[in-house]
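Pasting the structures in now, so scroll down.
Here chain A shows up in two complexes: once beside chain B, once beside chain C.
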Partner chain A sequence: MKKDKVAKSQNGGARARFKVGDRVQVRDMPNIFYTRTQNYVRGVVGTIAECTYRDLIPEDEAFNFDGGLEQYYIVRFRQKDLWEEYPFERDTLQTEFPEHWLEPVGH
Partner chain B sequence: MTSRPELRRQYDLIESFQPALHVAQNWNYENSGPLYRAFMHPPHDVGGQHDVPVYYEEKEEEQWELNTYVTCEVLGWRGVWNSEERRRRADNDLGYTLYLGMPYYGRWIWAAARMMVDKKHISLNELIDKIAEVRSRHEKR
Partner chain C sequence: MSAADKHGHEREHAHGHGHKHGGDGHTHKAAPMVEEITDYEVLEIAVRELAIEHGLFTAEDHRKFTEWAEAVGPAAGSRLVAKAWTDPAFKARLLKDGTEACKEVGIDWAEPTGFGTPSDYTNFRVLEDTPTLHHVIVCTLCSCYPRPLLGMSPEWYRSTNYRRRLVRWPREVLAEFGLILPPEVEIRIEDSNQKCRFMVMPVRPQGTDNWSEEKLAAIVTRDCMIGVALPRPGRTTDIHPVHKARRPVQSAAQHARAAE
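So, the complex of A and B:
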């Protein structure tokens, strides 16, 4: 219902900032009131696994704030980068973020 | 009326909800950076915390749970709230102790009642009167 009203987008309908295979770092922003960006991924570098869809961002939708749409990405992390004690080198974890939570990482 | 011994037991129970980092003074003058960050952590972000293995079971939904689900969906269809407000933010607004202590759908129905009051669809006293009325009807049975 809300979604139908939201026509504008935060980056003016520009193309997605990242593409599959790009290295990105999750921003370590302060927590207050609400977020869906997990604590354990903050500041960690991962790889874009998929550009999913455009949607409202959680921090807006959680307060019914008409903030526009943003590109979402599935990001793949090495488990060892997330948990130092993780025993297996090759295991990965994927989770999803809207674009503003991600920053590009130089090669 | 609650008997005085019952009231004392109730207070004992409430006191047991004190944070694990118990401090004699309940109005800290200052919180360290890590402590502040821990306080601001949203309850639903449970990843990375140590836990014990729990028994996995396929629990059938109870009637009140189904009723809660339908009530919350209908409130969504009527435009009272969206799913992010409902299932996620409002549940988190319970705070850590209640979030982890309530049944899954208990969080939902608490959130539904809270949203109805917050958005001025009902007054808090209307809600209180209704809960009291239902409770007394239930007790008479």
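So, the complex of A and C:
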């Protein structure tokens, strides 16, 4: 692993497309070669909880390809939005994505 | 075990090198040794040996790193939480920049390579519980875990059972750990499948006023920092009760004795 590939904290948000509080929908793209975006969040709408850092994306990194850095986000979902008939109103789930997996949702 | 080894083993028995078989003179055949190994373990060994052959690292590097990783336990995480409970200024620093604040309890996420371990990176977030919010961590992809602070994850944390069920039925899974939370408390699952690593900072329990950091750290066990248990005075280990099997497996000899 090269030192310059290491994600650094505290540098997020510089050229970020989304900001904390924005509503976003997880894109449902084909799983080609490699992804870290789980099926259970595809197509679900959530809220940006944090702009974390800029880093290589897993799709490139898995093949040691330096395709440039991308902004990452932690997104918060309601459990009721993730799972049909989830019975508890307040429960939530957070997970993280590189920017290209997210698209804006109109208010 | 190869056929040659097996043959050698039998011959050794036949020649009786100090191995007593009981006086009846029967020929003892050694049971074949079965070493189980998964495809992924085979793959790891193959990739590791290729990496060593290509000079990416040496066998000595690999041994040292493995020993280093296995020696890390959850004690640093416990100290971190105890310090945050007793020192509001430290708690503020910890929540602002977890990676940096870890250095104050002697943990540098850049160790031992200078840029962190191969999958831990250096983005660390502490998830602060409140009386109405309870966090629990999981990695649905595999096994992401705050290893510099908590050491190697427990076996169950890496199991598909925990990973696939926690995100879908968190309250049921927590109940299996003995943690039942009222519906008013929001449960927030943190699925750490990218480059941030997380750890839970539970609410300081009642009855711990004037406790020293050391005494507090003793009740902040690994399970409390994963979020499957809550700290309380007197609870200092994560040992779960062992229930005896109702119909335990018996050897053939036990069956024979029972039948007599």
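Just so it is clear, the second predicted complex is superposed on the first by the 94 of 107 C-alpha atoms of A that agree within 3 Å, B and C clash if a C-alpha of one lies under 4 Å from a C-alpha of the other, contacts with A are read in each partner's own complex, and residues count from 1 in each chain.
Rule of thumb we're sticking to: contacts are C-beta pairs under 8 Å (C-beta built on N, C-alpha and C of every residue); 3 or more make two chains touch, one makes a residue touch a chain.
Remember, predicted model here, so these are calculated numbers, not experimental data.
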Looking at A:74, would you say it contacts chain B, chain C, both, or neither? Reply first, second, both or neither. second
Identify the partner contact of A:55: answer first if only chain B is touched, second if only chain C is, both if each is, neither if none is. second
If we overlay the two complexes on their shared chain A, which of chain B and chain C does A:83 touch? Say first, second, both or neither. both
Let me test your reading of the model: by the given contact rule, A:30 touches which partner, first (chain B), second (chain C), both or neither? first
If we overlay the two complexes on their shared chain A, which of chain B and chain C does A:63 touch? Say first, second, both or neither. first
Touching partner for A:91 - first (chain B), second (chain C), both, neither: second
State whether chain B or chain C is in contact with more residues of chain A in the superposed arrangement. C
Which chain A residues contact chain B in one complex and chain C in the other? 1, 36, 38, 40, 58, 83
Touching residues of chain A toward chain C in the complex: what are they? 1, 3, 6-10, 36, 38, 40, 52-53, 55, 58, 72, 74, 76, 79, 82-83, 88-98
Okay, in this complex, where on chain C does chain A touch? 97-99, 113-116, 118, 121-124, 140-141, 167-168, 170-171, 183-196
Under the stated contact criterion, what part of chain A meets chain B in this complex? 1-2, 30-36, 38-40, 56, 58, 61-64, 83
Quick check on the complex: what are the chain B residues that touch chain A? 37, 40-42, 45, 47-48, 79, 81-85, 88-89, 92
